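Two complexes are shown next, each including subunit A; its partner changes from subunit B in the first to subunit C in the second.
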Partner chain A sequence: MKNISLVRIDDRLIHGQVITAWVKVFPVTKILIIDNELAGNRLMSRIYRAAAPIGIEVLIKNEEDSINFIKEPPLKNEEIMILVKTPQVIERLTQNEIPISKIVLGGMGARDDRKRFNRNISVNQEEEDCLKRMLNNNISIVYQLVPLETPMDLNNIIK
Partner chain B sequence: MFDIIVISHGSFSCSLLETAELIAGKQSNVKTLGVDLGCNLDEVKNELIAYLTESKNNNRDVLVLSDLFFGSPFTLVCSLMEDFEFKHYSGINLPTFLEILTQRHCLSLDEILENLLIIAQSSIIDVNSYFCEEGV
Partner chain C sequence: MSIIQAALIASIYYLGNATWLLGVGYYTAYRPLVAGFLVGLILGDPVTGTLVGASINLMYLGFISAGGALPGDPCLAGVVGTSLAISGGLATEAAVATAVPLGLLGGIIWVGKMTINTTFVRLSEKIAAKGDANKIWISVYGLPQLLLFAMSWVPAFIMVYYGGQYIQGILNFIGANVLGILGTIGGMMPALGIALTLQSVYKGESKIFFYLGFLLIQFFGLNMISMGFLSLAVTIIYMQLRKEDEVYEDESHESEIDDEQSRYALLDKATVKKSWFNWMMFSHSCYNYERMQGQGVLQAMVPIVNKLYPNDREKRAETLLNEMKFFNTEPNVGACIIGLAVSLEEKKAQGAEEITNDTITSIKSSLMGPLAGIGDTITQGVITPILISMGVSIALDGGGNIAGPIVYIISIATAIIGISYISFKLGYEKGSDAILEILESGKINKVILGASIMGCMVLGALVGNYVKDFNIYINSYGNWR
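On to the complex of A and B.
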């Protein structure tokens, strides 16, 4: 199994200074973006790969390939950050025998089907149910946009 | 005269235009878009598509200016670069923006772009050194 340093939900994926701030605190060698749609989009894949902080490799894979990849033995010094757009992707990892103990919720933008939790997090019913299931399975979920901000336990946000 | 779309984080694009208009006067055919924390990116994307479509229908060249290389407004613009034809420059600031606004009445987009990077790169100035060299 690969060494996973950080699991983050942020639907803007790699954006500017935010990801740079996170890799300073979690010095990973690879960022694995798990997203079925993005994995099939050559232009956007190219852009996100180019957006990587210096010295960090960005892998963009669909869910199936990601599960196989994570289950491979780790390379020397290899540390991975997992980046996804929605909680369901992480739940499917856990359903495929990949242990996840902590998730950092960064950003889920507003959409017509979503209701607002706070300024930066909006969820639809399915996403809320998924987050609650993971909380019930003793996965710690915190909201934290940048590392300098104090993490907020999701239990205190979901009422 | 070509069209300009400025897209940024928060209200920067809007304020940039407002401030530039203080100096260069009221502008036409300049649109601004802002991406806020937790906002609906699809909505911003649809607005951008509407602006690009309008320019295309009017047969006008478009210059899109984003604020931050690899920020989410930048990424949003990039996602449309295959579907629409426009020029995209990232890292817009007030001096460079003013230069574009004041030249676009007499120059074409291509003519402005020929020198834009040079103008942009000389738009931040070490004032202490400048005064030193000038003997002030």
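On to the complex of A and C.
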């Protein structure tokens, strides 16, 4: 199993908070973006690769490939940050025997089907249910934009 | 302090957060170096103001606010800290230490503003749905800026006006011991600020330049201005001698959308410029948790829809409603996204069928993350710390030299506005392929490396200077224990 330093839900994936703050606190060597749609989009893959800071490799894989990849033995010094757009992706990882104990919720932008829920987090019914299920399975989920900020336990927000 | 002085000082805090300073308030009045200088001007002592502002700024050298998260509030710390130092006779170090909790208080104002601003989005939706492009300003910057005024000016006024009156009593009450502790903490804070800044630039091949900067100041006695020019020259020489990196080449360069022709077909240069200006000015005028910069994009699109659909209210409404969706990026480097969106709107209006509202939204939202990452690194991570370190050093070196803030204001405003304009134009005129080509050519990393080298050298010099100041500080407070 690969070494995973951080699992983050954020629909902007790689952006300012990740590059200027998170990778400083979690000095990873790889960022794994798990997204079925992006994995097939060559243009977007190029953009995300170009946006990564020097020294960090960006992998964009669909869910199936990601699961196989994470289950591979770790390379030397390899540390991985996982970025996904929605909570369901992480739930499917856990259903495929990938242990995840902590998730950082960073940003889910407002859309027509979503209701605002906390600050910059908007969710639709399905996403909310998924978050609740994971909380019930004793996965710790915190809302935290940047490492300097005090994390807020989702249990206290979602009630 | 008179009521008028306090009112003016509170206005600096408002302006640092507001949209009116050409959109660069965040880079100018928001910084304690500049705010301290302005507070000093109002109180008739710009030299002390600059000195205190620069000292407070030291701990915010590495300040980065990314994606709507605010770590402290340097502006409130600068404004209130400086005015307490001048009007309340607080020593610089004690002012620095009191400024820290003030900065945290500012964070509460920020969250409140981001939350309440969401209500103006509803109003924007109503106005946009009617296609009343010329009334959008009411909900994009009219009302939100009034709210901001109430939320920022009023508390700042109370702190500055009453704080100045009562601070002496408070200080007498807490006594010399606590003041001594505050002074010591205040003396240590700059080291933290410098360390945080180094986190962004001190890496790889740029490391050695930190020590070079330190040496030049400590043993060769250069002053900060000559140091600045020297570090620029050294950086350029190094970059010229450096071996080229291998450029990442993608085997194919297929274009997603045919971008050629059609620029400046329906739109003229003045309209495009107006759109850029609106973006520069108002990208954060109604920054809110629900749509982030969506309101700013909306304002940037006002001249565009007026030009494209002068007689078609429904088309205007449709376009505006689509453009005001969730959007968040680094506004200056990321200005190319808005430029690109403008060119797509122009093509859509020309009848290009492959461009739908959904295409435009998805192109915008796919670019906003990556460009925020690059943009925050460039503008907030390297350019600002370098220029402000220079400004702070010049200010501290001359015991409150007002050239520090002035040089900083001019250089940062030129840099930021320049980046925004060039980027917007690139996005509009050259399109998505050009943006991608620049991202992949390695030019950006070269710029970041060059800036990191210069940053390391300037910070090394700053530490050199600071060690000098610290010795003086210990000597002059011989009995500080």
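List of remarks:
Rule of thumb we're sticking to: the second predicted complex is superposed on the first by the 157 of 159 C-alpha atoms of A that agree within 3 Å, B and C clash if a C-alpha of one lies under 4 Å from a C-alpha of the other, contacts with A are read in each partner's own complex, and residues count from 1 in each chain.
Everything below uses one rule, namely that a residue touches a chain if its C-beta (ideal position, glycine included) is under 8 Å from a C-beta of that chain, and two chains touch if they have at least 3 such contacts.
Just so it is clear, the structure is predicted and the values come from calculations on it, not from any experiment.
When both complexes are overlaid on subunit A, subunit B and subunit C end up clashing with each other. Look at A:Arg12: by the touch rule set out above, it reaches both subunit B and subunit C.
When both complexes are overlaid on chain A, the residue A:Ala50 reaches subunit B and subunit C alike.
Ranking subunit B and subunit C by residues of subunit A touched puts C first.
After overlaying the two complexes on the shared chain, residue contacts for A:Ala21 are found with subunit C alone; subunit B is out of touch. With both structures placed on the common chain, the touch criterion links A:Asn120 to subunit B and to subunit C.
Judged by the touch definition given at the top, the superposed model places A:Arg111 against both subunit B and subunit C. Put simply, subunit A uses residues 12, 14-16, 43-44, 47-48, 50-51, 107, 109-111, 116, 119-120, 122, 145 to touch subunit B in one complex and subunit C in the other.
Those residues of subunit A that touch subunit B in the complex are listed here as 11-12, 14-16, 43-44, 47-48, 50-51, 107-112, 116, 118-122, 145.
Interface of subunit B with subunit A (complex): residues 37-42, 68-72, 74-75, 78-79, 81-82. The part of subunit A that touches subunit C in the complex is made up of residues 12-21, 24, 43-44, 46-54, 107, 109-111, 116, 119-120, 122, 145-146, 148-149. The part of subunit C that touches subunit A in the complex is made up of residues 64, 66-69, 71, 111, 114-115, 118, 199-200, 204, 248, 250, 256, 289-292, 325-326, 328-330, 365-377, 380-381, 436, 439-440, 444-445, 448.
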